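Both of the next two complexes hold chain A, though its partner changes from chain B to chain C.
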Partner chain A sequence: MSTLTLRQEPPERLDFLNVNPLSLSGLSEADAAKLPVGTSRRGLTLGDCYTISLDGSESLVIEGGSSRLDRVGASLDGGSIRVVGDVGQRLGAGMRNGSLTVTGSAGPFAGSGATGGTITVEGDAGDHAGGAVYAAKAGLDGATLIIRGTAGDHLGDRMRRGLILVGSAGAHAGARMIAGTIAAVSLGDHPGFGMRRGTILAGATGTVTPSFVETGTHDLVFLRLLARSLRPLSPAHADLAAGALKRYSGDLATLGKGELWVSAA
Partner chain B sequence: MAELTLNGIPVIDTFAEAFDVAGTAIIITNDTAKWAMIAATTMTGFATSVIGCGAEAGIDCELSPDETPDGRPGVRVLLFGFEPNGLKDQLLKRVGQCILTCPGTACYAGVDGPTKIKLGGAIRYFGDGFAVAKRLPDPVTGKSRRYWRIPVMDGEFLCEDFVRAVDGAVGGGNLLFLGRNHAETLKVAEIAVDAARAVPGAILPFPGGIVRSGSKVGARTKGMMASTNDAYCPTLKGRAGTELSAEVGVVLEIVIDALTSHAVAESMRAALHAATAAGAAHGLVAVTAGNYGGNLGRHHYHLKNLLSKEPASEAGAA
Partner chain C sequence: MAAWVKGGATDADAAVEAAATLLASARTPIVAGLCAELSAVRAAYHLADLIGASVDPVAGPALYAELGPLSRTGAMLTTPAETLGRADAVLIVGNAPWERAIVQEIAESVPTRGRAAGAERTLLSLGGTRNGATRHVAYPAEADGLAVSVAHLRAYLKGHLSGETAYGDLAKRLSSAQYGVVLYDPEELGELGVEMLQGMVKDLNEVTRFFALSVSDPYQGRALLQLSAWTTGQAPRVGFGRHVPEHDPWRFDSARQIAAGEADAALWLASLPAPRPDWLGTLPSIAIVGEGSPEATGDAAEIVIAVGVPGESAGGSVWNDRRATITYAPASGQATALTAAGVLAAIQDRLVQKKGASC
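So, the complex of A and B:
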């Protein structure tokens, strides 16, 4: 297990795109210390901010996070990264494989464009978690994003594939969804606003957009499969899927092949 | 031919000749075991012989709720065809007409293999654009599986996107039971069928697993590819070419298809042992097997290799 230990709060935002088990595996500790991570003219390197201990393994622990740590695990293609602390924006953006865990909270755009692997945020996530960055075609795109705490607004905005599991989230969760699945204990107003396809499961929601129509309660095989695939990740969410649910179909202002399941209990 | 016996019943020293076929398995589930079985029975109807029916199909086993992907009672069905394309055609027709139509039924891939056969991805067109695909992680393997959800009048028909055909499936393993009268010989054949079906991955596609109209290649009638196996017809005894001794009054055959050559051999072994064990009480005269001289099928199952309880080595010679 390789370890990076934070010396002190970084003086500027840091870009961790190139700090992952694969890129560090071929480097000596001295070479790794020279990796540029700064985002200003100061020219900060990894060694300036972190004490480095490498053993070439596939797992990397970052002891000491910061809300200034951007793009942690971005484009990760295997192995695991565990951050003890917070991270900044675009956690695991474009990630393809592997596992990424943050014990604290994440900034905006966590998991944007991630096509594979599992991202776990044990604290809260900012706005647009699993959402598309500006001009991007899609948000989450096949990966699994687990947020144990609360996510901000626009969770899974324009997500295309994959699964988001969240404690609670703000308004417009699943807005513009292309497809995929979001499961939440509670969501804010207008879940699935403009969604084309996809599934949103929620224990409770705020105002439901008027272009969603209620189709009633249904005992579908799909819900059994959903409950079974959620169970290993979160029993509470699995119970939600297995319980009594009311279904809304929408957003009929667009393609209208999406669905919103809300607990009927 | 050397004289072989098993449980005191003569076993002719010959072999069953079987063929490489394309095979697949699907899992059918329903809210109740009864309705899963109704769907499976309907789907495997009129599937005794590839030549006439397009496919050979049968029920492999019933599955308990903890053995199926959706936690409902299920049935595993095996389907065999000459080649993957023909198999695909039959699978689509049978799932489309018998599983899609059956209340409450869902359909999943039941075996892994190298060849993909599009299933849900083809049947979804019945949904007229309202069908949606859903990719969910399998809780057991962690790999994602893709399903199609087609709106139907009782809710949704859920069907896995594709199933897989296996390499190495074998069709045509067989045994012939030479008996004295019909009722008793049928009992022997039934006992053999029960034993053969207990082997996982093997089915017996004929009615009740038993066929009375064994065939030979070719015919005296021009253009007929196959015709009655006159050497084993009791009413043709006494003519040149008959294989039946005077005391034989009835011959019944069982035919076995399986996903692996090993399963065919084990199924034949189980059937041979069960039939001969019960044979003396039911007037069984001898057991033999059908072949075409060994030039048509790649798999030869020699009965002498099946006399031991356990396989000594690979019974199906390549």
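So, the complex of A and C:
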């Protein structure tokens, strides 16, 4: 297991796009220390900020995170990264495979454009978790994003594929959703605003927009399958899917093939 | 012309020297505001490139509310002149557009060319004013805001909702227009609302001709957007920390950077009127502001330099709202010797000299 240990709070935002098990596997510790991670003219390197211990394995532990640590695990294509602490924006953005775990909280755009693998945030996530960055066609795109705490607004904005499982989230969860599944204990106002397809499951929501219509209660095989797939990740969310649910269809302002399932209890 | 350093009046050369010294020692400076003539905005981008600063215009929220949907789904837009000449139905969304002169022009004219020539013009409002000054048919907004209202209306237009409701009636009026235009303020409507509105316009074009006309922000955003594009190839919020212009609207949001303690120096450029940011003066700052403005005082920032105001005491290329393009505004009175572009170029020259001296 390779380890990076933070010396002190970074003096500027750091970009960890090129810090992952694969990129470090062929480097000596001295070479790894020269990797540029700074974002200012000062040219900060990995060795300026972290004590480095490498063993060439597929597991990397970052001891000591920071809200200034951007793009941790971005474009990850295998192996695992565990961050003990917080991370900044774009955690696991564009990730294709592997496992990414953050014991603290994540900044905005966690999992944006991620097509595979599993991202777990044990704390909270900022706005646009699983959402699309500026000019991107899609947010989460096939990966699994688990947020044990609270996510901000615009969770899964323009999400295209995959699963987001979250404790609670703010307004506009699943906005402009193209497809995929969001499961949450509670969501804020206007879930699914502008969604075309996809499934949102919530124990409770804020105001539902008038361009969603209630279509009654249903006992569908799909819901039992959903509950089964959620149980290994979170029994609470699986119980939600297995319970009595009201179905809303929307967003009728767009394609209208999305569905919002809200606990009827 | 006037200049101050740490509250004391001084001459422009001393202020330029102090500004160069402040920026030379900064790790992550920001250049913000950019409510100015184009020559000054161009000089600001060049200075930011030299010092590795990030750039964030005061017009950012309005610009990005429009740019987000434009970059992902496109837009169907028209101009004020086409609206006045062709539209037989104009829907005004929200309150902000009512404060613009074009509303009165629309209300006082009729279409004179195109398929609706000679027809009456109907003025409709969604969630806007109900004042009696301008004759219009008013439809109330949803309690949850304009974006939700537009979504509700669009559901009727698509035929996914139906019934004898106010929005059902509005949908019929829009569909029956020969050449319709919807006027809105992107900042008031928000990114989600703009995207929903643009989608509605595209839906309407399945049955008739319909376009959107967004009112421009009052802070030169549309002009600097073009300059940013031709200078950096990017939208305005860019950072030059890594020697190439990186575009990131979240990372280079100046208010966020300052609140997070990421910026250690700031340059505020506003030769035209712009709201003074809360953070000005809370970190080492340089303010290049229009002479006679409220910010042209010694306590506005560590270094303050008053410069000519385009269209008044200086000439400059600025956004022309009525013509929807950049035009040159000559000085209306006696021109001052000190321009914002000149000051920024002087700071850049001093920085280059300092850099050369340190080698």
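Please note the rule applied: the second predicted complex is superposed on the first by the 265 of 265 C-alpha atoms of A that agree within 3 Å, B and C clash if a C-alpha of one lies under 4 Å from a C-alpha of the other, contacts with A are read in each partner's own complex, and residues count from 1 in each chain.
Criterion: contacts are C-beta pairs under 8 Å (C-beta built on N, C-alpha and C of every residue); 3 or more make two chains touch, one makes a residue touch a chain.
None of these values were measured; they are calculated from a predicted model.
Under the clash rule set out above, the superposition-derived model of chain A with chain B and chain C shows the two partners fitting side by side.
Legend: residue contacts after superposition of the two complexes on their common chain; A:G194 is shown touching chain C, with no touch to chain B. Within the superposed three-chain arrangement, the count of touched residues of chain A is higher for C, of the candidates chain B and chain C. Of the two partner chains placed by the overlay, only chain B lies in contact with A:T181; chain C stays clear of it.
Angle at chain A (Cα centre) between the Cα centres of chain B and chain C in the superposed arrangement: 130°, in steps of 10. By the touch criterion defined above, A:L22 reaches neither chain B nor chain C.
When the shared chain is aligned, chain B comes close enough to touch A:R161, but chain C does not. In the superposition on chain A, A:A135 makes contact with chain C only, while chain B stays out of contact range. Residue contacts after overlaying the shared chain place A:L6 against neither chain B nor chain C. In the overlay built on the shared chain, the residue A:F222 is in contact with chain B alone; chain C does not reach it. Once the two complexes are laid over each other on the shared chain, residue contacts for A:A33 go to neither chain B nor chain C.
With both structures placed on the common chain, the touch criterion links A:T207 to chain C but leaves chain B unconnected.
Following the chain A superposition, chain B and chain C show a smallest Cα-Cα distance of 13 angstrom. Taken together, the two complexes place no residue of chain A in contact with both chain B and chain C. Within the complex formed with chain C, the chain A residues making contact are 11-13, 38-42, 67-68, 70, 89, 108-109, 132, 134-137, 158, 172, 175-176, 189-190, 193-194, 207, 209-211, 213, 251-254, 256. Contact residues of chain C toward chain A in the complex are 27-28, 51-52, 64, 67-68, 71-72, 142, 144, 147-148, 150-152, 154-155, 158, 160-161, 192, 195-196, 199-200, 235, 239, 241-243, 247-251, 260, 262.
Within the complex formed with chain A, the chain B residues making contact are 29, 69-72, 106, 130, 132-139, 147, 149, 155-156, 158.
Partner chain B is touched in their complex by these residues of chain A: 144, 161, 163, 179, 181, 197, 199, 218-222, 224-226, 228-229, 231-232, 257.
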